[in-house]
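Should a chain be cited, it is by its letter among A, B, C and D, assigned in written order, with residues numbered from 1 in that chain.
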Amino acid sequence: MIELENVAYSYGGGELLSDMSLSISSGAFYFLTGPSGAGKTTFLKLCYGALVPTVGQIRIFGNDVRSMSRDDVAVMRRRIGVVHQDCQFIDHMSVQDNIALPLAVSGNKTLAEDANIKELLAWVGLTKRAKAFPPELSGGERQRAALARAIIMSPDVILADEPTGNVDWEMSERLLQLLLELNRMGKTVLIASHDLSLIRSAKSQVQARVLRISNRRLQLAGANL
Amino acid sequence: MKAVLVFFEGLRADGHRDRVVPSTGFTATLTTLTAGAMAFLIVFALALSFAASRLSDRWADALQGTATIRISAPADQMNIQVERVLAILSTTQGVDAAKALTVEEQQALLEPWFGPDIPLSNLPIPRLIEITQTDDGFDAQGLRLRLSAEAPGAVLDDHMRWRKPLVQAAQRLTWLGALAIVIIAMTSAAMVMLAARAALAANAQVITVLRLIGANDAYIVAAFVRRFASRAFIGAVIGVVAGAVVVLFLPAETANASILTGLRFQGADWLWLAIVPPALACVAFVATQLAAQRVLGDLS
Amino acid sequence: MKAVLVFFEGLRADGHRDRVVPSTGFTATLTTLTAGAMAFLIVFALALSFAASRLSDRWADALQGTATIRISAPADQMNIQVERVLAILSTTQGVDAAKALTVEEQQALLEPWFGPDIPLSNLPIPRLIEITQTDDGFDAQGLRLRLSAEAPGAVLDDHMRWRKPLVQAAQRLTWLGALAIVIIAMTSAAMVMLAARAALAANAQVITVLRLIGANDAYIVAAFVRRFASRAFIGAVIGVVAGAVVVLFLPAETANASILTGLRFQGADWLWLAIVPPALACVAFVATQLAAQRVLGDLS
Amino acid sequence: MIELENVAYSYGGGELLSDMSLSISSGAFYFLTGPSGAGKTTFLKLCYGALVPTVGQIRIFGNDVRSMSRDDVAVMRRRIGVVHQDCQFIDHMSVQDNIALPLAVSGNKTLAEDANIKELLAWVGLTKRAKAFPPELSGGERQRAALARAIIMSPDVILADEPTGNVDWEMSERLLQLLLELNRMGKTVLIASHDLSLIRSAKSQVQARVLRISNRRLQLAGANL
């Protein structure tokens, strides 16, 4: 689905990420770890086309990111659900409307999906806060709303950046179950996280691969977790 | 072509898309208020400009309408010459009416200078013929040539000496009015543009979020363009109405100040006001479109 | 008292505090550009207003300066009466100069109506005395009384009939100019206020952060007030200069259009321009202060 | 230092927190846990005077929050260092300037503190990013900058809301050491966190008390962690 070939990226100073090659296959479950500031968020941004590699090639759904037009990128993003580390919402729209926004934006508004939203809200534990506005949410509630928004379109790939950084252990278990469920339905999942117990818990339920960024390179961590 | 599509996409109503742009808050009202203030100013610029042009029309009318022919001739020739000149005038294009002044009328003309007792009837003074011109006026040079050929004692005075500076003054007044309206209209367009861009800059987060969740550029631009253009329109309507009300309540022209017309709009002038809101909405439309596309250009 | 302290605190320079408010970016330039555009408009309003008032002054001068006395008397009495009237005039307050017209001069006056050949010298026509008034003018009623007592054949014509409508027109022009400047100045103040508030709304995060880390209200308000007032000042200077340059390059008054003065500033008028930037800076100062205090009021 | 007496708080709907009494004593080390949305952030806001209780009394440094003027609150905040869950910075000032901002704001700018900033930046691992602007920081770097800003004034009380939500285990250990060090110097520390291993690690080094919000009430969790 997403292929990286000798990719390097630099924000202008030295190279932050170098010589990364990876092919994310359909239906796989990945974790991405690495110390703070290693480049996890940067890596994810490369994967959804928000950044263009300084060196090398990235193909998303078979298309080279460099050759994509702006509208191609927009359409491609409807097939990739992203939970951003700093989840941003449209502050004057209710949580429910924010979660449904990708549907409205892509013109896929049907009643079936209306039911879908209710279910999704229940799963992430936001049923009671559905009518609230994003600035009234707690930190964990924001992250859960962002996750719900990322998966409402039933995308082929889900990229989540620290989706459990602000939620308690029970809730993060619950969110993990949701992601595992989606993975079982054939979606590809890539989670950037430093929560080792979350990774361990996932590994016990699915064949998860763990990627690690260290020394500017992407490494496949073995069973050494 | 693409721009045209975006334009029509921009005018299609869409409930959800409209909600994407905040409808309240201070930056939201910025465009409305600016368009309102500017429309208010434009109303006054229009009022000034119309007043100036009415004033200059009146001056031109009052002065351009008349000319005089003075006939000096021996007493026995006088009436023949007067007849002949009147005949010439009746076939001259641009002469609306011509009339020989009676002795009493000539006396009245001279009264300010010589008092009522001047014994004109005993004097070999010239006779005067007053000409009222049509709107187009006559060809003074041609008339002079004909007169010198057929009535050598007749001299045409088209009052040019008196008229010229006043007509120039009137033209300059009109010109000042037009200049004022051009400058205020241009500044207004710049201000509305500025307000739309500022409101857009304050809504950068909405654009970022929309782009991240896969909205294409046309959708995002359309959402903002519709909102801002309609806000500018509403603001301009309010401003025009407020301006018109103030103009209406200005002291009306007093009866004896007839040489200078009042500031009020008259007749069809009012129709000009109807142009202001759509014009400002168009400015906001274009400004928002350009600004939104620029903001989007910075987002990958 | 507290407001005064905040005012002075606001004007004290402080390197760090100044950096707290962004110096670049679009919302940052909003205040500058708005103040610039508004100062530009004010320059034109001033130019229009001054031109109108100069025009009305000229009209008033040209008309108010003169009056005429007509003396009808038997031929032998004429010179005595003329002498007597001149004597009266020389002791009348408000009369600058008085001069009896010669026969040639009277003839020239009549020429437009009667041609050059009128035999005035043989006629018992009245004599004319031209009066030049001082700026204050004379008391026409009082002079008439004195004349009727001492020189019964003299009639005063102060040209009131001709003067009145033109003086009224001129007054109305001045009034329109003043109205234009008041309206544009008020709208400008409103626009600068609006811009400052919008820029402040866009900087809400800075205020929030400052409040959270323990800055007191005076510090926060001062940081914004200084920045926005100086931005408005700089913008207004730019606008005034731009407006002045444009006014300078407008077609100058042509030699023969002397009745209507040009749009250029003359002499001390230029000084008025110097008032515009500080005035707009004051408006921005007050507006920012009020708006910042309102934003702060919402933060605990 | 901070005393709560029968405090309750509601955002407008039902009561979110009820009947809380607590006296945070000088030099103590507290943890605050509870599920996402329980009211941890709300509790901290009550403690630094950003919210006024709907019922009951809160005294901060001996003053009733209700009777404080706006300037009293500002001065009081210079004595309480807060790490907010959604760390906000002044985006057009460098990280270093942002961290030094509390000094500038309170007028305490001296050379000694300038050296202090360097040391602090080194401790939170931001020496290299000192000249960067906040929007260029990674999620973890933002949190560390926020912590540095909270303690630069050497406040009497430090309140931290999920200060380790986005940093890896090693870095969070390091930050914990910094907080423990400050606590040893006599500062009161209160950390809202759901990271159980962090709490365990702290308990092994200091006599930390763990508060738990459950059922809208504040409870002292025993040794049952």
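Simple rule for what comes next: a residue touches a chain if its C-beta (ideal position, glycine included) is under 8 Å from a C-beta of that chain, and two chains touch if they have at least 3 such contacts.
Here the structure is a predicted model, which is why all the values come from computation and not from measurement.
The chains touching subunit B as well as subunit D are A, C.
With respect to subunit D, maximal separation of chain centres occurs for B (centres as means of Cα atoms). For this pair, subunit A with subunit C, the centres built from the Cα atoms lie 67 Å apart. Note: centroid distance subunit C to subunit D, computed from Cα atoms, is 62 Å. Subunit A and subunit D have Cα centroids lying 29 Å from one another. Counting partner chains per residue, subunit C has residues 25 touching two or more of them. Among the residues of subunit D, none is in touch with two or more other chains.
Chain contacts in this assembly form a single closed ring in which each chain touches exactly two others. Under the touch rule stated earlier, the contacting chain pairs are A-B, A-D, B-C, C-D. Of all residues in subunit B, only 16-17, 19-20, 22-25, 205-206, 208-217, 219, 296, 300 touch subunit A in the complex they form. Here subunit D touches subunit A in the complex through residues 11, 33-37, 40-41, 85-86, 125, 129, 136, 138-141, 144, 161-162, 165-171, 194, 196-197, going by the rule given at the top. Subunit A meets subunit B in the complex at residues 49-52, 70-71, 73-78, 82, 84, 88-93, 97, 101-102, 104-106, 109, 149, 153. Chain contact summary for the complex, subunit B toward subunit C: residues 25-27, 30, 33-34, 37, 40-41, 44, 48, 51, 55, 68, 70, 72, 106, 109-110, 112-115, 117-119, 123-126, 128, 155, 157, 164-166, 168-169, 172-173, 176, 179-180, 183-184, 187, 190-191, 194-195, 197-199, 201-202, 250, 256-260, 263.
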